[in-house]
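One structure below.
Note that the chains take the letters A, B and C in the order they are written out, and that residue 1 is the start of every chain.
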Amino acid sequence: MGTFLVRRVCLGLLTLFAVSVVTFLMFFALPRDPAAAMCPKNCDAQRLERVRDELGLNDPKPVQYLRYFKGVFAGRDGCPAPCLGYSYVNNEPVRDTFARTLPVTLSIVIPAAALWLALGIGLGMLSALRRGTVFDRLAIGFSLSGASMQLYFVGGVLLLVFVYTLKVLPYPHYTPLLDDPLAWLTALVLPWCTLAFLFSAVYARLARAQMLETMSEDFVRTARAKGLPERLVVRRHVLRAAITPLVTAAGLDVGTALGGTVITETTFGFRGLGRTAIDAVRDGDLPTIMATVLLAAAFIIVANIVVDALYTRIDPRVRLR
Amino acid sequence: MRRELTAAVLLTLVAGLGACTNNTKTDDDLGVDTNRQASGAIATDPKDSQGPAAEVPGAAKGGTVTVIRQTKIAHLDPQRAYSFVGLNASQLYARRLTTYKDDGQGHVTLVGDLATTPGTDVNKDCKTWRFTVKDGVKFEDGSAITARDIAYGIARSFDLSLTGGPTYIQEWLADSPQFDTKFDFKSNKTGLPPGLTVPDDKTLQLTFAKPHCDLPFAASLPATAPVPAAKDTGTQYDAKPVSSGPYKITKNEAGTQLTMERNTAWDPATDPVRHQYPDAFVWSFGPDPVTQTNRIITDGGADQTAVSWNGVDPSLVSKVVGDTALKDRILQAPTPQHFTLTINNQRVTDLKVRQALNYAIDRDGLIKTLGGATFAAPVTTLMPPATIGWKQYDAYPAGKSGDPAKAKELLGGATKELVLAFADDATFQALSTQLAGNLEKAGFKITLKAIPADSFLDETKKRDNPWDLYIGSWGADWPSGAAILPVLYDGRAIKDGGSNNGASYLNAPALNAEFDRVLALPVERQGDEWAKLDEKIMREYAPVVPLYVQVMFTLHGSRVHGVFIDSIFGSPQFVNTYVK
Amino acid sequence: MSMTPLEPAAPHELATRSPGRMAWRRLRRDRTALVSGVVSVLLVVVALAAPLIRLAYGVGPQDDFKDDLDRYGMPYGISGGISGAHWFGLEPGQGRDLFMQMVYGMRTSLGIAFAAALMTTVVGVLLGIVAGYLGGWVDAILNWVTDVTLALPFLIFTLAVIRPLELHFYGPREAVPGWFRVVVLISLFTAFGWTTTARLVRGQVLSLREREFVEAAKAGGARVPRILLRELLPNLGAPILVAFSLAIPAYITGEAALSFLGIGMLEPTPDFGRTIFRSLNYLQTDPAYVLFPGVTIFVLVLAFNLFGDALRDALDPKSQR
């Protein structure tokens, strides 16, 4: 297990490096010339060239990359390490931006993920066990309706019903959990429900399919033939085997969502990592883009490591190498 | 399973049809006064410039006003603030040399703000302007504001790295568009640019090589706000500028929220226009116009004291207009933001073609595309109706829906191929699809070229841009033709890159001379002359197709009062705002 | 998913049928499959036959009827201007025929979704099987590439590259044809989408690899390609189909999400996602404008989902009826 972790962490760092290179190259493909954005009033060709020189945009790309890389970790004036870079657009270290936006995204994603996993896997498994019954039909009907809808559509309708028409909820306005737990809850309950409704569908379907698949497998039949009670068959054999792909999907989804839930944030008017990243691309704000992308990548990498580590626990047939 | 689903779908259908609408053809006129015209004057009586501002009847102290806006304010630094929101937000924390007394009905008087009068034309030749700083004006830390602090503000606007701000005063002082070559601020931070002098702590004098009778107007931009040299942090000053007005910036969460609280050092007795009723202003960034509109209509909690900056979304106008309960909470006025189908005169050199373009446009259709009368008003002049001296005329009368036959006639049966470039956001996608449709009906062949919205302006400002047509817009910095016609149509103002917004690249020496002639006239005589010149340019050159002026149509919460649409920039103005 | 239990087939019949025919037989007996299949095919036919429908209907997608709009750009008449000439009414503002916009828009959206789902599945399955079965350094490298791809944020990347690509391939005075963005979107969806399938398949292969039948085949001296194709692929059918069936609706939704961020298909190319996104604003003022595209996309996605599920049941010989 120890060597596994070391290996994966090293690989993860390598991945981060690759991501940063790709993002760096992508930035220079942006239609917006960073020099033009920085170029002062009455910008003409000579001035633009001076700005390019000053920004180091005329240096070879690897040199620029190294300089950037150093800036992220070593810091610079007005921005002690590790400030993750200084954003000229926001006029603050990216670290300060994160301190504000990361809690928003965490508050949206973590409870929502708990909700959608519990709802999805629960519904899926129950309906697999009771397949063909009315419950099965309703559960799968519910989950499929969710899967067939657009996030912003559901969000828009929920806002219209609960906030604008019935007025039972205030318009979502993020309040930190520790400042006012109730305000935090009322602001976030709609995005949680929306995400749970849409995402649980995927898990319900997957869970049901996996359960059915596993239940028809030989080792389950053997267990049944041995005379093991159905409950024990399910708990000892079916669940364990069926949950593997669910863990894969959950790890990916949660990891990705932590990197920013752009559509959810936009629909409900939150400013988390997602909106920050989109605005940064629009503004040509390299330090913010870079830091956001790297943070999002780090979430996904960690989620992956956790998923792989969980495999062994859940499914003894998988060996870690 | 299938049955339940069928039932669910049917239910949805029934619910939807239950809410079905029936829109009958009755033309209920909303009475948009799109021709609100500024009757502007420069205060001659020094009493007009004295504080305090008259109390707003019924006003009360206290409360927090929230301004909801889709995007953040680009610059807070007064020398860099130049967007409508920057100009109006800075009114709360940055006092200038001059400012407007505005009744929100188009009657404006330019008065002294930090200065005792809106400027003295020392030799009556518009070349030397003197301002005297009022007694009792202070920064937020309680220190007195001197002429030196104001001069320092003007000097730092020569710093090229402080991007974004207007350049009128710099160019006039240096007598050159390349003003930085005459004064290098970075290497001479204690010095002053040529022509700017501070004889004593109370007096500021600007001397120009050429007459600039519009200086009192130009001095109303926040670029003349004072900056304490000791607190100037260069480009980072933008995050938290020092206040000289009734509110100071206490918290700046970039891109999310900006909080302004009462500035106790501000003395109302010195201020002719501002009040200090609410405890705080919170600028909240992010929600789109649809969300803003819905929130204000709902009027819940903190939104009762909120104002929507971006206005009612076109999709919700019919709901807002139909709801009598909202009547008192609607703010509606035309803005000076003027949109044209700009013709690149370097490429489209045939006057007949430019005139044909003018005949071909269906203004009624394009206004419906944009969301109707509450969003845009048709215009056939180069200056928006809110300009001093403006007169209505239509050089190419084509009815409200365009005259494709007349356009075809002018083209003489030829099919003219043109490329129309547009910014690829939703509004301009729809608008240019609509315009291209009009033009094709009139015998043009149009290629639509999408340009990334965030680089569209930069690209069209390049002299050698490769397009024949593009949508241009201009919001005048003060309601005078001087801030519109020479800025946009004087060929000598063309630069290789960074020409003015929506540049048509028209360069007619005869016109250029006319601009010089009118600019040298006394301000009070310029209005009529600009109106005449406006018509002359359209009739003889047709450099653009005037399309529409934007209309501000917005809502505020039930407990916020005293908000009005200012007559200069057409945006919500907060100097009289109070909560009750 | 199927609700009608199949009668056990008589033994002698079984012996004469291939698995494919059996699946087809099961599918035909499944009423859910039948209905959802017919609906899916119908909508695909409508999309493909758009030009013919236009001829029969007599109105093109770009024809506008501004005279039928009031001063706020809202259509006159009942429920958004429904009439014999305009079956679904008119678009507010633009005044185009909603029915034609939807027919042509569906063609764009379905085309993108189908192509992207197909490419994604092919690439994902191939790489997933190879990685899972071969293991060793092949797995390590593919895994790492997967990690990097997963760690790159799709929306940010798309937002950043989509327009520079167009500027790169087309001259400044050349119109970018609608199909170019279609191709770019499909490529981007594929470049970012293959990993989900690949991971899922790899996880399954890791599980299957240790099974008796694979061990038996190995012991029997079977070569790698044979094991991959004959032993593993058939056993992966269920998860691949679930993934594929989820991919089509997911890409329809994904394409619509791009419109939400302003980087989807541009005017004047009709696009379902853009229509839905735009219509949502009119929820309170012109419900019919929201209802027609909203219900259609819901039915479309639901039909694909239901059919995918039914197909899974039918193809899986082990699932008990």
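Annotations
Operating definition for what follows: a residue touches a chain if its C-beta (ideal position, glycine included) is under 8 Å from a C-beta of that chain, and two chains touch if they have at least 3 such contacts.
Since we're looking at a predicted model, the values are computed, not measured.
Viewed as a network of touching protein chains, the structure reduces to a complete graph with every chain in contact with every other.
For the pairs B-C and A-B, the larger set of C-beta contacts lies at B-C.
Between the Cα centres of chain A and chain C there is a gap of 22 Å.
Here the spacing of chain B and chain C, counted between their Cα centres, is 45 Å.
Taking each chain's centre as the mean of its C-alpha atoms, chain A lies 40 Å from chain B. Counting partner chains per residue, chain B has residues 1, 5, 452 touching two or more of them.
Shared interface positions of chain C, i.e. residues touching 2 or more other chains, are given as 1, 3, 163, 167, 284, 298, 302. Multi-chain contact residues, meaning those touching two or more other chains, occur in chain A at positions 31, 137, 140, 145, 160, 282.
Across the interface of their complex, chain A is touched by residues 1, 4-5, 8, 160-165, 167, 177-180, 235-236, 238-239, 253-256, 285-287, 291, 294-295, 297-298, 300-303, 452, 454-455, 458, 495-498 of chain B. Residue ranges of chain B in contact with chain C, taken from their complex: 1-2, 5, 9, 12-13, 16-17, 19-25, 27, 30, 290, 313-319, 321, 362, 364-365, 367-374, 419, 424-426, 429-430, 432-434, 437, 447-450, 452-453, 466-467.
Only residues 1, 3, 5, 135, 144, 147-148, 150-153, 155-157, 159-161, 163-164, 167, 196, 199-200, 203-204, 206-207, 210, 212, 238-239, 242, 246, 249, 253, 256-257, 260-261, 276-277, 280, 283-284, 294, 297-298, 301-302, 305-306, 309, 312, 316, 318-320 of chain C touch chain A when the two sit together in their complex. The part of chain A that touches chain C in the complex is made up of residues 11-12, 14-16, 18-19, 22-23, 26-27, 29-31, 132, 137, 140, 144-145, 147-153, 156-157, 160, 202, 205-206, 209, 212-213, 215-218, 241, 244-245, 248-249, 252, 255-256, 259-260, 262-263, 266, 274, 277-278, 281-282, 289, 292-293, 296-297, 300-301, 304, 311, 315, 317-318, 321.
Those residues of chain C lying in contact with chain B across their complex are 1, 3, 31-32, 35, 62, 64, 66, 69-81, 92-95, 163, 166-167, 172-176, 262, 266-268, 278, 281-282, 284-288, 290-291, 295, 298-299, 302.
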